[in-house]
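Consider the two complexes below, in which subunit A is the common component and subunit B and subunit C are the respective partners.
Right, the complex of A and B next:
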């Protein structure tokens, strides 16, 4: 594959990633957010495959495969399982109105494009729009974490944010050392498991939510 | 700029759009019926409805002004004029300057405005309610449509739809830029709103309080209602034609009858695909509460804005 083709494909994947991010931010039901984050991880895996073909880096194939199995299939399944166990329907519960979150997401996307345009030579070294897209995914993920009250949606935000970092890292370094990538993935799995267990435990023992913890007195 | 579509061709395309408009509605209704495990009415039912309406006499409320009678004709005229701007069979600018995509959106907005004025003029409660809601939704839809058009127009350097379509060329799927994906996503979000379908509007009923467009037609009857219904069929196919001209045009070169037939066939396929999409969305989603609609349209707005940002930044 020529460099231009790779750049176009990465650009297009970046646009689709942004679209899934918008869906996550705007999702009114947790199921949709989970599906959107699964689709996002799938796209990241595709991007990994494309970069692997372009650079001939075998590690990238491994990473793409791990991303596909762990982040696109297993983790969404775990989230889905927790949602079913807790038997909740619509628990997005935003701190600020949905429309305001969407508006903030727009600001984040536009600003990250604007800022990375000012980077100049650094920007040139990176494939396509990967840097601004990665930054906006990361920051929007943080935005989702900050504006939702329930732990599950915050987990979705964490995954999206992690996806953004992963995408940037892949595109910037043309493949990080395998051991680092695997470490990152393990961290995410561990975080997901801890959060899932904690959410279930907290719910089953005291029937409280993350937002209620603020009212604890020492 | 050399005109590539003669006036005859433009008129032919316009006639095709108006004639096929009811068929698209019929197809969507049939698909919906099949998805709900019903037999459904035939594909030609909208034509039969129109024929019946045009044979009937007119009844109108005492409170209406003289302007009310002319409203259906004006709405139909504005919508058909918008239809003339859509390249159907062949891409490329028309031989005579007609207008561009902004003109098209303006004409559709004019038709919408006239419809609401007619609904308010009759003085019925339902009409007024429908008009007020339509006027709430419209300002959210139209700017986003314009932004999608702009995001395509920035590259082509023109807002003339035929030239835009020609610029994209036949190999559109390979030439899709990142912004096109987002623009197309925005368009898919907006399509149900612009064609008056679930989850924004419900075209099947005018009995609920959720209605938008159907509520405004309540006071019309006979040939006037026929004109309004035909206008909404035409509006739907014009919107679908706008989408296909912006995102997957068929720029068939050559003049012969074969290429014309090929262009018409390609157009039919594209409209069919979009109609299937609309039918699927309508069958799988519930109508949104009115206060949820702005958020739904907000997704389209953010997508369009991001597409524009990708183009410019």
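Right, the complex of A and C next:
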């Protein structure tokens, strides 16, 4: 593949990633958010694969593989399982209206593109517009966490944010060292497991949502 | 002593303490056995330490022993290095440790007879760790060994502090000790790491080399950071609050070690930092160093004894006297820092000042150790700490009373005992130093001398109170009435220290030889015996004083002989009296039956001084009278207390500030996770906006 082709592919993948992010922000049902974040992780894995072929970096293949299995399949499945166990359809509970969140997300994306314009030297020919996309994914992920009350949706936001960091790393340095990537992935798995256990345990023992823990403050 | 002997001596010390730890761990099925064996090995280690230190001290000027240690860390080479200063402090540790190890088993068995074997074994293990760590702090040849042993010393003494009883008081004292000690260690870490990072290694030699090229500000900042760390450990006012709580909480022979020796390890650190590691290659030390130490020392000396005067808990009273004596030592250290490498006779005076400080170090270790052991004997026999509930013990515990009196005379700086010698030397150097400065500086030193004189007087008053109320009069409670003399091994432990007190008091000139190596080695000038002993070792004199001042001289030996002669004369004269006819008659007590309560109490004894220093003590008293009819008082209840100003003015304010701040934070926190994430998000965006848009 030539450099231009790779750049076009990465740019297009970036556009798709932003689209999945909008789906996550706007999702009215927890299932949709989970499917969207799975799709996003899949796209990240594809981007990793494309970069691996373009640069011949074997580590990127490994990372792409791990991303595909863990983030696109296992973690969404765990989230899905928890939602099924809890037997609730609507688990979003936004703090501010969805429309306002979407408007904020737009601001975030614009801000990211504006910011990355000043980071010219960092941008590389091969990855094109990946940097602003990565930043906006990260920030939007945090935005999702900040505007949702329930633990599950906050988890989705964390995954999205994680994806953003991943994509930024690919854009800037063409992937972090393998050991760090694996460490980060393990962290995310751990966070998901802790969240799942907490949510289920709290619900099964005291019949309260994890968001109700705020009542405990002194 | 050859290099090889000394090196094997160091190994022997380590082996003894390690054997003490292991054997008491193995013997934990029998508390008695663990106590005996553990203390025996501690004694062996202390004797070995005495041997090594005497070997190095008498081994000639500049004799330094270096001993590499196995490489435990890839980044630091560990080593031991014993020069004159280290050996001197090793001597101080060993002397008190010998007495404590002889005293310990009987004390622990008598004080807490029903303690579990595991607890006794733990105490002995901690004691061995404590002694070993103190020895190797002083013998450390690199920052890593120093810090590791320093921390070991703190942790093991913490274990000993909380091990004695299981009541909450000890646990709280231990916690306060732990927090303060770790604050101090943190400061030391900063000081050491700042040096090691520049030097690229941990050896003291490397640190010395890099410190020689430091600029003035960095050097001074590093010194003050280290001074803060050491002052916390030494219990310098206002960093002393842990000391009067933690020291009495430990078993008494450990209190003796903590007060007599552990505080001195901090003094060792100060000297090592001030005169050796951080000292500039040439020229005098920055004047701020010495003056700060002098002011801290003077404050601690006066305030320490003033607070001790109003306390009636025997171990706590002794602990406050440690604050006082650390102050006296620091006066000497501060003067040595001020005068070191100044032109003319200043250098000589600096040597005298350091000699006074070091001599007071060993003297205080001896008499404070003796006093704590004496207090421990009283405690183990009566289980009472408050001296108001004692009285009349002199008849029941004659040996303990006599030895305690000896320690009290020594700490009150009365001739012919050792406390007098070092305080007299401190006076000489204060007066000599004052003549070298004009204006406010000279006045400040004279003021310090006046404060030192006040301290001596107040200490005498305090021990008149402590001894009189504890041992004289009639017993006020059944505890005191049924007390019996302590077992022989405890008496022997006290006698060891008493011998040191008398020896250093009567023949201090001979002790000066031991001080030659540390003073000459540290100050690169004349040794102690060259400047302090005139006309042979029998007459002490701060010789080589500045022109125009007549150096005073004093012979402790002659003074002791005179005292003995006078006592004999008085005894002979009073013999005539004793043949006179005696008539026994009841004391007239206004028609009431006399009870032990009629005796002078400690509170009453200290009352005049409480009134004089009311501004400092802020005394609070509460008198409740129960009346049966007008004018007929059935019972009076009196409660009084004084405050520690640094505690109320500094610590309580900080405490209030912290709790107010945390309450404010708690009131403002919502507890909503998404809220916190929102803050994070906002902060992130703002930061990106502020700093992200760079010069693109």
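The working rule: the second predicted complex is superposed on the first by the 214 of 218 C-alpha atoms of A that agree within 3 Å, B and C clash if a C-alpha of one lies under 4 Å from a C-alpha of the other, contacts with A are read in each partner's own complex, and residues count from 1 in each chain.
Rule of thumb we're sticking to: a contact is a pair of C-beta atoms (placed from the backbone, for glycine too) under 8 Å apart; a residue touches a chain by one contact, two chains touch by 3 or more.
Keep in mind that this is a model prediction, so the values were computed, not measured.
On the shared subunit subunit A, the superposed partners subunit B and subunit C are arranged side by side without overlap. Of the two partner chains, neither subunit B nor subunit C is touched by A:83.
In the overlay built on the shared chain, the residue A:64 is in contact with neither subunit B nor subunit C.
Using the contact criterion defined above for the overlaid structures, shared-chain residue A:199 touches neither subunit B nor subunit C, since it reaches no partner. Once chain A of one complex is fitted onto chain A of the other, the partner contacts of A:113 are limited to subunit B, with no touch recorded for subunit C.
After overlaying the two complexes on the shared chain, residue contacts for A:33 are found with neither subunit B nor subunit C.
By the document's definition of touching, of the two partners only subunit B reaches A:12; subunit C does not.
Looking at the shared chain after the overlay, A:148 reaches subunit C, while subunit B stays out of its contact range.
When the shared chain is aligned, no partner comes close enough to touch A:156: not subunit B, not subunit C. Remark: least CA distance from subunit B to subunit C after fitting both complexes onto chain A is 14 Å. Shared contact residues of subunit A with subunit B and subunit C: 114, 117. For subunit A in complex with subunit B, the touching residues are 8, 11-12, 14-16, 18-19, 22-23, 25-26, 28, 98-99, 102, 105-106, 109-110, 113-114, 117, 128-129, 132. Across the interface of their complex, subunit A is touched by residues 666, 669-674, 677-678, 680-681, 684-685, 688-689, 692-696 of subunit C. Interface of subunit A with subunit C (complex): residues 95, 108, 111, 114-115, 117-120, 139, 142-143, 145-149, 151, 154, 211, 213-218. Residues of subunit B touching subunit A in their complex: 176-182, 185, 292, 294-295, 298-299, 301-303, 305-307, 309-310, 313.
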